[in-house]
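Multiple structures are listed underneath, in structure tokens.
Look at the two complexes coming up: subunit A is in both, with subunit B in one and subunit C in the other.
Showing the complex of A and B:
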């Protein structure tokens, strides 16, 4: 036995831990563990409490997040690998609230389907823990751990409908593409480590940003970013999204479309702002191409969709394109692009989760995902139809619904950049908004202007949790659209000031 | 009371309709009578607010904004809730407040299929907020929000309650206008970043404050100004609509329910022309001088093209829709001269066109209800079947073709005359050529309108309608809705200074900005 190795292990001194800073993650971990124990103890008797417990458990970590926000100091641990700043807190809160809404969407869907419940919520919470961790990860290894922690439960959840072929396809495709992306990303990370000699983003920022434009740096930056381009389903790395979305249980589709995509953007933002900020000669053109492709291809394919979930998959692809457009000008405008994307993510979560809530509610009656099954919805479910109208026009960016301000934020930074990249993206976003309106309005047309396809106008019974999810998201979409300052003030975050 | 009006009056006028709509949303759908009453009370209260504002409006200072409210809204982008009225926005706001209650009254007993007065009236109320808000807003982002709010209710009004091709017409209307306004928004943002307003009342470099921006754009290079103006030109020009962006209009008008057509023609089109006078020209006068020949050229093409299309129409409503294209051409020609004479005529033309074409669409709607068709060759003998309606139709037709003594004259002829001597910096021969073409347009206008009247009102009713008991004369709600319009058409025609006194000082202020830009 090599004694010197043993000695170094024994001599390991625990680095100082700021317990307050990690309180959100620890609370979440405790909640997850508690749910698992409850399940073992209570077995079948616990089923009916699981959803409520998971929902409350997801709101619990908001308390330490709030106290950290009130405290307001930036906390950094493990030599800068784990950072708690305003950006991290904002994103953690966004993940948890999105997760809570996903639980509301899941409650009846999972209870009434032939599914195991406690595992479902346990996996959901571990995935969310990966996301919450991602918001603080400022180190390549931490980012990778967070990514796998959020992805692996998500692969399982995507294939949750194990008796359906489509469900298996969803899980399989998502898994294979996800692992493929991870591999590419790891290769990029290894190159970056080779250049910088350190895994911390701040150090990489020093080495990559100040150094010469070596091909190896370019390769490292591009490969690492491509890994997350899969996660946010940017074209041409989007091919998994429609099949996975369609095959997964619809609440999980909402989860993937909102929380998982947000996590991808959080990672991209941290990499770009802390790690690669000086290399906008690399990521600027790269995101320009990705943004143009993503929004245009996403919108054009969405025009042809007849399945509502697939339509929202492509609409989500296009929406990611708008956010990538802001990322393309990050080098010119600094933190305002970060703020624009943060703002966009908040509005995107509200309106997309709301739309999925309505989709789940409608599917309870129609048992169909075809857009034509929305015909005459206004006749027998006016509340759902009007809510869906709000979400659709919000996604299209029509005031006074929230989406308009999100789009304005993107327009603002692209124009602010005052470069051809910026202006061309602004015009592309404008043109794409018009294309997108066509398919959003098409669903509104089905709901309000077309007759009920089978003449069955029995009203839809919307369970309480689903109704609550719709109500929360409608209020958020309309309220924040009229008073966007409420969002704009909390998204005034910065990664440049602290991370350098 | 006066303080209250100054601080809250205008905001109340903007948001009262939404309050009414919210109340109606809570009332069950079956209570149809109650919905109508709430909608009517709301719109009348808004109109009352308008009268109170007019009574307290200082005519002597109509070039200044009055009833100004300046409150913080979106601090992060320095966009503020600024509303105010001056001599240009006041008449258009009053027009809105007049037309909307008349529309509610007109629909009282005959809501188009699929009925549902609750949804119909809620949409009209939301529409009213959007329209009044657009005329009141003095901040570019606030303006944009109100400008867009009107799209959704109008989309549904056309798409749910419209004619055969309603869904196609509704989405076409929506897509066209959204395309323009998206590029308009990019232009607004470019202004925000490129203008330097630190020396103005706004006090900060980047602002959306429409009061401060005209003084703040001098530093922008002319070539950039021209591009920014181009974005706004698309946004406003599609809304007007100018040739060649007009193709959504005939479809939307023809398919929309009567009330929708009336609001569309009377007010929504004015949002575009108003945008030119209120935003594009004062903020970028130098670019306006560069663009004016193009705008004027498209305007006269619109006049002739609209007139020729009118001559070829077989459907009465579609004909009136194309006449809108021609009439808005006169308004745009007046604006493109960039003189206060021309812009006064334009504002007058907007109000007059709102009243006259609004009345024409009302009549077309009532005829459609009686005849179940608007195919011109099947109509005839309106003066025999329904003489009173025939006379009102005649009056509106005469007003529309610009007969002196009626309101239409004062929008059309001064606009043509203004082209004789356009603002400094514009080519005189070119605009005189435009003047001649526009004058030919008036002859064509007389041609298509008189021909329309002749074919529909004169003669004897065609065989299928000879003894049709459905063809009754004007009903009470129709009288209530039409009389105020007719009275105003006559009053403004006989004494145009009613309106010119109000608009002139404000328009002169815009003209001065152009003159200063041309001189520099």
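Showing the complex of A and C:
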């Protein structure tokens, strides 16, 4: 090494670190490391309380998030690569609460399966750490690292039932599609770097928004967004979702359907609002196509599903389409679309996690995923049947449950845009809500009107943690649906004002 | 004839396309996996070329992140492939099709 190079190395100064701003990530890291070490030291003895420890550990980072929210100032580090603002804090809290509910769902499922290993919770926490980091990432490299940190443990979790071929297939399909998507996204990022000469989204925003659209810019924007279209399972990049959802352990299906999809939307929002905002001639039409396809194809295929988990996979695809519709008009309505999608994500998490909690509880007795096994559920498990009814009608968008407010927010945004893109999407959202009502109501009809298929009406024993998960999500879905202003207040976030 | 940065960009684009097409048409999980690595290395080449053209070290440091994460992906991917091969020796992507609908 020559002298000048040595001098450069010695002159390196650590960039200032705002420890308060990274406290949620560091707490999560400490919890994950501690759990992994405890597992190695205690082995069998630790297994009884590992789930409880993981659950508490996920609630712990909410404390620094709360203090940061009370403090209220926007914090930015590493030249704007890591930003803590209201949007980031809201999404971090949403990830952690969703993660906590997934732990509640997992407790008995994992302990009673033939695949019980404590690494499960360590992997879950590291995946959540990637999501929490994603909410603050405003730099291509940070986004990439956060994406991989949340995806790689999720590949393993999806293939967790390693002795069943379905489990293997779920892991394999998710893995191959996942790495394919991240390779496409990275190629897009490399082109954007070539245009802007910087990896920070704010700088990219300036370089990309300036002047006419060059083919290289269009290609970079489209490829980067396609990477995340896989993550949110937008049609035609959704093919992995139903198979992975069906083969994975059901709590992990809930995790992928809610937390992982939310992370994909968080990344899309940051890219669109901070990075590509001036290029709505590129992302507008792209999201228009994706949203139309995602809504319609998701709902039409969901109509003929007979497996409840696959049905919810396609229903989740369709729900992602509604959110993409709001994203398509982001250029016209600004932060209103961001707020509509944030609202949608909060309600989507509550109602979908709740639906999966009921699916797990019912499967404990029926050992089947067929929709007909829900026949007469109301006779022997009225609590579960009513809860499931709440989630189904909320997903369908019927007042007073939470889903209607979320759907209304998206609908309003698309109409407000006052363009042909907006109006056509508003019509599509309305038509698709009617199609979706058919298959949601079909399950409700099975539960409340049809007879029990095998006449076995012994009640379902619901373990405490699962009952708690159902209770929390029912309260959230109904409570926030009756008082939507509570959500509207916390989702009043902005990515444009901060300027990245 | 002088070799300019554009040559490398074109080469990277070709490597990326070969990788993407290979992933879609090959049926052996290991070969599909190699195709992904080809795509990732095309990305690395693009980053390094742009870093050289723009005289900016940022693009070169991105390559380290990509390399490390690609290595992590290999570990997880091979673990999943080994789990499948244990149960079904010689399985191709077409055999792994229990779940559909």
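Worth pointing out:
By our rule, the second predicted complex is superposed on the first by the 485 of 500 C-alpha atoms of A that agree within 3 Å, B and C clash if a C-alpha of one lies under 4 Å from a C-alpha of the other, contacts with A are read in each partner's own complex, and residues count from 1 in each chain.
FYI, a contact is a pair of C-beta atoms (placed from the backbone, for glycine too) under 8 Å apart; a residue touches a chain by one contact, two chains touch by 3 or more.
Just so you know, these numbers come straight off a predicted model, no measurement behind them.
Of the two partner chains placed by superposition, A:453 touches none, neither subunit B nor subunit C.
Shared-chain residue A:310: touches subunit C; no touch with subunit B. Looking at the shared chain after the overlay, A:463 reaches neither subunit B nor subunit C.
Legend: residue contacts after superposition of the two complexes on their common chain; A:400 is shown touching subunit B, with no touch to subunit C.
Contacts of A:191 after superposition: subunit C is touched, whereas subunit B is not reached.
By the touch criterion defined above, A:175 reaches subunit C but does not reach subunit B. Contact with subunit B, but none with subunit C, is seen for A:412 once the two complexes are overlaid on the shared chain. In the superposed model, A:484 makes contact with subunit B only, not with subunit C.
Using the contact criterion defined above for the overlaid structures, shared-chain residue A:438 touches subunit B, although it does not reach subunit C.
Touched by subunit B in one complex and by subunit C in the other is not one residue of subunit A. By the touch criterion stated above, subunit B contacts subunit A in their complex at residues 29, 72-77, 141, 144-145, 148-149, 151-152, 155-156, 159-160, 166-167, 170-171, 174-175, 178-179, 182-183, 185-186, 189-190, 192-193. Interface residues of subunit A facing subunit B in the complex, by the touch rule stated above, are 339, 382, 389, 393, 396-400, 404-405, 408, 411-412, 415-416, 418, 426-427, 429-431, 433-434, 437-438, 441-442, 444-445, 448-449, 483-485, 488-489, 492.
Against subunit C, in their complex, subunit A makes its touches with residues 140-141, 144-145, 148, 152, 155-156, 159, 162-163, 165-166, 168-173, 175-176, 179-180, 183-184, 186-187, 189-191, 193-194, 197-199, 242-243, 246-247, 305, 307, 310.
Within the complex formed with subunit A, the residues of subunit C that make contact are 9, 16, 19-20, 23, 29, 32-33, 36, 39-40, 42-43, 46-47, 49-50, 53-54, 56, 58-59, 62, 65-66, 69, 72-73, 76-77, 79-81, 83-84, 87-88, 93, 96-101.
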